[in-house]
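Okay, so chain A shows up in both of these, paired with chain B first and chain C after.
For the complex of A and B:
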């Protein structure tokens, strides 16, 4: 790739010149155009999974996921066309129909922006999972998980290189888990919490906050930890 | 849901990586810790201590008011827990401390005091501390725990380069080409740095050489794992140098222009053949050759090391042997190269930078240099002592002889960290006066006469300097408990009272209203800091010193043009075996060190939820040795050395090699330093925490 080649394109009617290799999303951001994203995070690799960042490129049959689509010379791009808006709304409605998004500030804001109908898919089944509370540091509530992969990526080659997390199951049963489904303390996890740091919903949450939200006071949380340790000692 | 929360940017109080953190505060508690993704050095990454280990600041056992020992004056002083103290007002406690310290100084001179400043406190706290000790008491007896960690790295790099800091920045690590990691269990002691090392290897195809007696996690990412026997570092690295010279892999240009001492050095390498090294270190000669070729022929190669190199009776030689490698091959002074001692404490770099050492003022300006001394005398308005002071363990020696009669300990725990603890504790019993200033009671505080409660990193302002010389801010995020006060504020109040006691009112200058003013005074006296202010650090999220001018961008990597001593010095070395080797009675080598979930003497982490995942000491024993001792994991053993004995649970693992047992030193109930040997490196005065002889018996 020639390093200094500049590409010229038009986004929402505005002229834009960016280096070759720039994505449509980055080009739009250079014009202060705010394209919503769900799975994309600055610390993890774009995979184009959620499709919330789609834009309409003139002459293309399909919408383009802007986070992984490089700019091309002379493109004319619309980031908020009727079709784009309809797609984003549907993505949110489908997510909302299958996952508990109530604790995600980011997704709540997007649902408001795209005027989501919470009853669009009345027959859909929400993923319901028990909260996994198997370590002193964070809980995992996969009923809030939108399968963005960020935690898996953060644990692997995007941040931590520890490889404790994986994706299990298929289709509607896809879920994030440890290898062989073992409790976190039995995995290679080193409890850096870098996965928690990139989680866009509250599927991964620090245990302190989780217990505070349940109404416990700090001294009660401490007492509870003491009790858990005693129980563990007794059982071993 | 979060309308009550506020976010405060700060610097992690654990290790020398200096991760930038956002503290999420609710109702005066740190409820969550996040990392900003766009800021060096960690770019959003944290380890378990940074993310989950900050809850110690709200632990109910925080010291919240000053206290005075109930049996004040009793001799010998016995260690007592908190119930052996009574509550006092700040005035009463500070007046008593001032009277006692001044009394000792008046009668026997300032050199009768031994003082410990703190690698956990800010640059400003430490600057003021040493100003107080030097300016008011006229002694240079000020030191801190870096004596016990990187003193040998400092000494070795001073000899070879004339400067002792990490030469390259953490930010450039992901672009490394070849890296040699030795004596550093990086993934547990500097976890975030280890992620950048692994990124270099996994994503960018860097080649990794790990040299370590223990099969640590980083070996899983290594191209070459050199498992040398504990204490044989000099032989291994001299053998690498031998191969590099014999196979013509030296950087001749660099040797011609930047290096001296080649003529004396080359003959000293002659005997260090890979075969000789194999016999001593146990590393196959062919592996040594291959690793030497990899390091020697790299376009850019960097060396990283930790306590495994420095905490040794030949620690200075170990560091020199690494410096020799870099000088021979020109792997220093460019991005992706360098000699990088990974610093332990959050501000161990800064504490030393700020003059927390017995032989130097801030910025490593020698107290013995008349010109430099006059500069400080003029600015502070007092006469200063030209004699370098005593190091931490020399202070113990001096206390034993009755030369030192009083201790002032700020934010350190020498009664956990010194070697041969039983001896060090006995010495403490005979002192006339002990002043202790900390956020918690610990093993050292139990010997105090007066306890002054300080505030944690989350309750004050100031700067920490991380391992790559980056000056970064901490900010007041929560209110301190009870009557606790910031270290700098306590020091200033105490200093003013001591001045009155000694009839020196107002002579030295303790009129600071905030830490930024303290920094400004230090920077004015310290050329490499002159371009740095709190305001600039705030604006730029951190500045690498040296930074001599406001328009200087700071220095992420050192030695581009020259070394502080002029030319780099190649230094001949001779292999000296460790001070105490296994024998019939004590057949195992004991190495001490750290585990991921704990920190040093455990004062912080054992009051954190981190203690839930790793609640007790475990001694690592190789499966073959476990068979001989007839123990399995979770059995208890007695570890016995010539100094003392402890009981501890077993973890059978191949991580530790046969013949060596590894014991973490975080646990007071199984204090590793009861066993260790007070044998010191002759130049750096650092004790050997990595090799002593022990017996292991099933309990």
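For the complex of A and C:
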């Protein structure tokens, strides 16, 4: 019986009836209401990290992350209230101050939608790191990493069960790392590519795509690869 | 190149003995390794991973999370100097400089012989003995350069209150004597309630009106009831002794002065909810408390207060002692579970709540140290007598930790409602050198600043709520008229930026942005619009963070903007 139970609620003044267990985000989508998300991905576990999907639920003290909050009977929900907009804009402004978001279409669109001032936080500490180019398959540019955890989750229980990646550091200094920060080929990585597939920015990028974007031609890339293989054989 | 000494035979022995328990032994194994090598060498980390079946990357992630674990050699002895408000206002900043100068090093840099490293750390619970320093495993109070290198006896807190209930035995008995403990009424409550059906016991605690003393103030009986009702075993009882709220040291004093009370409270709570196993999680910096409670647990086991068939009741219960490794966030209940489970101390999304899905995803009750001391008291004197203490809406005695610019710093047990002003002037001897109060920080870093004209607030749940304050952990830090508030605020900003776990964006980014603005403010370089920036950051953290840390990370700062706007470079800003 419980399986068939439905819940009625109001979102932005529109009534809807959805199955019990539906999240506020899914309920809103059923009404064609577009709530922005950053960390959410259908293939990885929702941990409620980015809080960009927060909404205002009448009578609740704090905003609710709609991606992980199940609907409740009679709820009255606002997805674009003043409080919600202030939070979304501030999160984007703070994120933009720490991370290079220039190559992320999704985030650029959200910044436009919430009229983000790209220089809102002058003098902010940036999470800069040199590009890590330590394997033939993908590069890691952690100055573009927004810590959505998707790569770590894909590498672990959500997809590949390889456990090559972890979150290091703490707070603002958190970063994606390997065991003692070893280069990827020395880690347990099997180069399945799932982490690259779920990365929402260009923090993880296929090596060929990266080199093409740098202006190299396919034949140049192939020549470079050959050279790398030869060098490796010689050194080993 | 990696410094990678071979795996110690002691570690191999440890892993041999504990390997089959798996990942939950990760933090103990890492702390053990840290003790052997003063860091965690990769070879040891690999051996731990193999024995406990934990992925190597995860182990590194855990090492990086806890500030008392190191992935690279540091030094034999860490000199950890507290720089949070109580100590900062008593000159700890200066002490850091002196110590570094004396050793010829910078902060965080080891001496050339590898002997010492100087670190600035967050609250060590030595607020009434400020400045507080942890030298290796030794706590040093009223620290000076001289004392850092010649530590005296372990600093003890002065206890005030007439009469005393929770603290009646502290300092009066040998903390490790069950005989003396029992002469003064110890285990009386336990003996009474082990004869009751658990349901009656829970009703008793519910009727007493006891609320949690860790900061959130949740009704204890209600928490127990919702766990007891779950028909899923095993269940766990966890004692939260990760006391790290700046300005709070009452739990440390309770554990060190009267450890059997806490054990008694834990047994009672476990019996009420049907838990067969308890964990006592104590913060890594509390080395002396760890020793005391560890001995007390052993004695309690030998004398039949723990283990099988406790006091002939047929009830079995054991307690395992766990040490934290330097992370304020692990005081958050779900982060604490993650830590025991051998993970980074990330708070979990709630619901589900611990009473149904807690430690190892099993039904769990987690209570603070002082709460459990209250439980033992309720069972001894009965809920009716207990309710006569405190006030109608906040039952029972309550411990306040008072520090800062105060004549008589220490722990005050209050069992008759009192205003903040009377607590400071009548009980604690008033402000040092007869100065005026500039502000009082009530409830720790997660609390709020109280202005001099708000001191008439009654220190009860209702009384504080009426004026938008909260008792929190009962921390009271007094700042006199000479305080450099900009410096205090900058310290608070750094505290939260350092202690944010980094999981959710508002806190991960907001604590950093907040600290940056407060740094500028301290340097006299506030930018036009900084107040608005700060207000946006605080509103965002408060309204949308995942856990209590982020939700309160802007609380004290926000209250300071209201009560002393002159410290925020408002003038400069208004021209902008």
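Everything that follows uses one rule, which is that the second predicted complex is superposed on the first by the 235 of 236 C-alpha atoms of A that agree within 3 Å, B and C clash if a C-alpha of one lies under 4 Å from a C-alpha of the other, contacts with A are read in each partner's own complex, and residues count from 1 in each chain.
Quick note on the criterion: a residue touches a chain if its C-beta (ideal position, glycine included) is under 8 Å from a C-beta of that chain, and two chains touch if they have at least 3 such contacts.
Every value quoted in this text rests on a predicted model; they were computed, and no experiment measured them.
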If chain A is used to align the two complexes, do chain B and chain C fit next to each other or clash?
fit
Contacts for A:228 in the overlay, against chain B (first) and chain C (second): which applies, first, second, both or neither?
first
Return first, second, both or neither, reflecting whether A:157 touches chain B, chain C, both chains, or no partner chain.
first
Angle at the Cα centre of chain A, taken between the Cα centres of chain B and chain C once the superposition is applied, in steps of 10 degrees
120
Which of the two partners, first being chain B and second being chain C, lies in contact with A:192: first, second, both, or neither?
first
Looking at the overlay, what does A:19 touch: chain B (first), chain C (second), both, or neither?
neither
Of chain B and chain C, which one touches more residues of chain A?
C
First (chain B), second (chain C), both or neither touched by A:136:
first
Looking at the overlay, what does A:123 touch: chain B (first), chain C (second), both, or neither?
second
Per-pair minimum CA distance [chain C against chain B, superposed on A] in Å:
11
Can you check the complex and tell me which residues of chain C touch chain A?
2, 42, 45, 55-61, 64-65, 67, 71, 327, 344, 349, 497-506, 508-513, 516, 520, 527, 533, 536-537, 539-540, 542-546, 551
In the complex formed with chain B, which residues of chain A make contact?
42-43, 103, 135-137, 157, 159-161, 185, 190-194, 196-198, 206-209, 212-213, 218-219, 222, 225, 228-229
Using the touch definition up top, name the residues of chain A that touch chain C in the complex.
38, 47-52, 54, 62-63, 65, 68, 83, 86-87, 89-91, 93-95, 97-98, 120-125, 147, 156, 163-174, 177-181, 187-188
Could you pull out which chain B residues touch chain A in their complex?
1, 26, 29, 31-32, 34-35, 37-38, 43-48, 51-52, 55, 58, 60, 187, 191, 195, 198-199, 202-203, 221, 596-597, 609-610, 612-613, 615
